[in-house]
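Next, two complexes with chain A in common: one pairs it with chain B, the other with chain C.
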Partner chain A sequence: MLLPWEYSVRNLSRRPVRTGLTLMALSIVILLVFVVVGFIRGLERSLRVTGDPDVVLISSINSEANLESSAIPARTPTLIAASIDGTQSRYGVICASPEMYLGTRVTVSDREPAPGLIRAVTTAAPLVRRSVRIEEGHWPDRGEVLVGRLASAKLGMTDEAVAIGQTLTFEGQTWKISGRFTADGAAYESEIWCNLEDFQSATKRQDLSLVALLLKPSASPGEVSLFCKERMDLELRAVRETDFYAELQQHYRPVRLLAWTVVVMVAGAGIFAGLNMMYGAVAGRIREIATLQAIGYRRRAILFSLIQEGVLLSATSSLISGVIALALLNGVAVRFTMGAFTLRIDGPAILIGCGTGLLLGVFGALPPALKALRSSVAVSLKAV
Partner chain B sequence: MKYQHLCVLGLSLLLTSGCSDAPQDNGVANKTGAIAPGTGTQYLTSSEPAAVMEVADARKSAKADEAIAIVGRIGGSEEPFVDGVAAFTVVDLKIAHCSADEGCPTPWDYCCTQDQVKDNIAIVKLVDAEGKPVTDDARKLLGVKELSVVVAEGTARRDESGNLTVAATKIFVRPVK
Partner chain C sequence: MAIVELKNVCRSFRKGEETITPLDDVTLEIHEGDFVSLMGPSGTGKSTLLNLVAGIDRPDSGSITVAGTEITNLSRGQLADWRAANLGYIFQTHNLIPVLTAYENVELPTLLLKQTAAQRRQRVELALKAVGLSDRADHYPRQLSGGQEQRVGIARAIVANPRVVVADEPTGSLDAATSEQIQDLLQRLNRELGMTVLMVTHDREVAGIATRRLILNRGKFLPS
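So, the complex of A and B:
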């Protein structure tokens, strides 16, 4: 025969301070798990959604995954347009976006300079970067810039500091913010876009970092790779954009591994905290447990009831943490080396967070309950 | 002073043993692993063409749209094969690559003789009857891999920078000696 459900519930309310403190400790542990899992999910999503399978990036053969160090001749887009049939064109414009990409110090108003990411583009960029949408303002004219939704996070500033009409200073030139764009969570959202010619003149460079090509659905990226191999003198490398970001994900593999290790460690710490709490709770109830055994409840039933208490507490903590994570953490911008991304509390994150919480309840309650039940009833009844 | 002498000696040994001077007809890959026969029998020929040019000579003398046959060793970079297209780069046989006993994981990239590769390299792309590039993996199609020695028969394509591309219709794979 099992103990009534109400017995576990009432037990929790009999010691409100201890229950409240345990609830708080468990909630903090589960919230930490949500933060770390949200970080991993956000980073993964940012890299995953940035790649467009129809886009091929052409950069310098020596640059590998670092586009900032890439330098290719300025005539590359013209050569590509003349040589590759598979490039899409819209309204007579070939979808080839010549770009310069640079990490540089950006000063906002009178604040301290902060590291920012600049992408200098032409009007061909939105034809290739199809996820980009201008939310406010207009496409930048000469001396103007368009800021991504997460550019403020990358610069470590508030959204107001990079509002339309404000000015930024980088590469010795002052730029006025003309608009703000989003890109469905892609990595560009942490960038500042400006006019290519303006930026080339500011940096005194004539080369490009990359050319992004939008291919026709029937075309193969192999055609572009073949062009790069044929034009050995240009020292070009072509890679499908999705493969480029998959490669970047591999670069960030140690970070993800570290983050998962943190999840395991935080959960481990939570289990120990839970164990400590449950040992305390059970130690004060040895006579009660012995009495239950004396009146006929089996050890299995008492064990089940104690686990019920633990799970009830941890489930409540999971709910509290889940609500806090969804309300306060989801979508929070995080600055990172490659730009910025948002914490993502999605389905898998909820599952992992709440699953960890429930496991804490079960494994936290099990050892102290087993210990208490191992003592003989006669000895336990005399316990003070 | 003693350490300086040792360092100089060590560096000298490293430089003299870094690359083999004698060109080798058989690649490391050929010696170590068996290559599956190619599936593209229509592109493979069993007899070597009579008038075959070395890559370096072809780069100097081949004219655009001229019918030629060049011989070279597949390599020149870490990834000599082009993904998604039956094409690869070949290097002149006179250029040395790291030998098998040097333990270089990618001897086909000619890491020790990269400065010589620039003027001794050509790209071979397999084309169909209509002259369009074949979109299969050359490794499967021709049964070749890095450091295989091939003779490509086809039409020369030149650009203003002197790059040589052979639009090949037939490939002869030299057997491993």
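So, the complex of A and C:
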């Protein structure tokens, strides 16, 4: 038989200052867990949703995962269009997007230059990058750029600094912002898109970084790979876009591991907060616990009640932290080398955050409760 | 018929290098309806004996049968269940749970019994009435006087209608007037409800209310 629920609830109000401080400590710990889990979820999602299984990226054979270092001949799209039947055609346009991709210093108004990501494209780009939507403004004309939803975060600026009509300077040229696009959370959202010819002229380059091909559902990426292998003179490699970003995810594995390590360490600190509170709470109740045993309550009933106290406290902390995380952290932009992404406090993140909170309650209460219950009842009844 | 039966019970403790033997081959029988007081100098094993009868301590040797159950070989869990059904414990310092009201404190032992909420309520109200505290049911221990707290402790000990009530110096922390009230109450419980009471006390006057007086010295009973 269990002890009444009221016993656990009212015990929390016995030492309000101690309970309040523990509540605060646990809330901070759980909030930190939310930050880290939101970071991991955001990063993973950004890389996951960027890949389109029907898109194949053709880049220089030596570039590996670094598209910035790729340089392929400007005639590659024409050759591919003529040689590969599996390329999709939309509105009479072959879905092959020639692109230049470059990380460069970008100056916004009179501020200090910041590292930005530029993708120089043609009008074929939105046909291949199917998630891209122009939210406001228009497709860039000559001397104009389209900025992604998270470009401001990547540049470390406010959204107002990269609003439509503002100007950016990069590669020695000033560009006017013509519009703003989204891409369902994909990595492109942190990029600045400009006209390919303009950018080639600004950088005095004639080559391309890559060609993105949208294949028909019936076509195989193997067909593109075969073409790259046969045309050894072009030194091309083809990789399905989803595989490219999966490979990138592997590059970020150490970051994710580090983040999980932080989760474990932070949770460990939380357990100590819980332990401290419960040791204090139980130490002053040795005689009371012995009394309950003398009355006839089994040790497991008392243990359950003490754990209930810890869990009640940690559940409240989880709730507080969850609300703060959803209100203040969800959607906050974070910069990283590949661009920017937003912290994502989604279902799994809430589950992990609150689950960690509840575990803190259990493991924080368990050792002091067991210690108190191991003592002799006869001796504890005389405890001061 | 004996409701409490101790046969050749020994209990010793180690205190540093020294071994203390408060109970040495003790044999005792207490009959149903007895009111037994147990006196003796400090450290002579009164409380040890009480704790053994209450099943919260174990003898080194010998057997203890209370309310028809040989309790010496019961597990901790079985002992807890046995206490809930057969034993009421009155503590020297009442040991009430501070976050529960007088009513809830008295109700605690009844939660361990298979009873409906209505039956529980009836028992708790009866127990509080028996100790004259029906009007203090909603008060928390901090809102009660020392004597009232002890009376709530007594109500808690008798609420489950136990076969045996053990009392460890129930008047030890009370003033003379309150002590007298508690003595009257214990006497009434024994006389009117027929409860078997084993009470440890230092006070010869308090011991005087018992129907049978035992004196324990150096682990043995002395003739009273």
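Everything that follows uses one rule, which is that the second predicted complex is superposed on the first by the 383 of 384 C-alpha atoms of A that agree within 3 Å, B and C clash if a C-alpha of one lies under 4 Å from a C-alpha of the other, contacts with A are read in each partner's own complex, and residues count from 1 in each chain.
Just so we're on the same page, a residue touches a chain if its C-beta (ideal position, glycine included) is under 8 Å from a C-beta of that chain, and two chains touch if they have at least 3 such contacts.
This is a predicted model, so every value here is computed, not measured.
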{"item": "Contacts of A:233 with chain B and chain C, given as first, second, both or neither", "value": "first"}
{"item": "Which superposed partner A:68 touches (first chain B, second chain C, both, neither)", "value": "neither"}
{"item": "Contacts of A:14 with chain B and chain C, given as first, second, both or neither", "value": "second"}
{"item": "When both partners are placed on the shared chain, which of chain B and chain C touches more of chain A", "value": "C"}
{"item": "First (chain B), second (chain C), both or neither touched by A:222", "value": "first"}
{"item": "Which superposed partner A:297 touches (first chain B, second chain C, both, neither)", "value": "second"}
{"item": "First, second, both or neither for A:4, with chain B first and chain C second", "value": "second"}
{"item": "Common interface residues of chain A - those touching chain B in one complex and chain C in the other", "value": "none"}
{"item": "Chain A-touching residues of chain C, taken from the complex the two chains share", "value": "47-48, 51, 54, 56-57, 76-77, 80-85, 87, 89, 91, 95, 97-100, 104, 108-109, 111-112, 156, 168"}
{"item": "In the complex, chain A residues that touch chain B", "value": "61, 220-223, 225-226, 229-234"}
{"item": "Residues of chain B defined as touching chain A within the complex", "value": "77, 82-85, 87, 89, 118, 121, 123, 125, 133, 135, 157, 159, 161-163, 165"}
{"item": "Chain A residues within the chain C interface of the complex", "value": "1, 3-4, 6-7, 10-11, 13-14, 287-288, 290-300, 376-378, 381"}
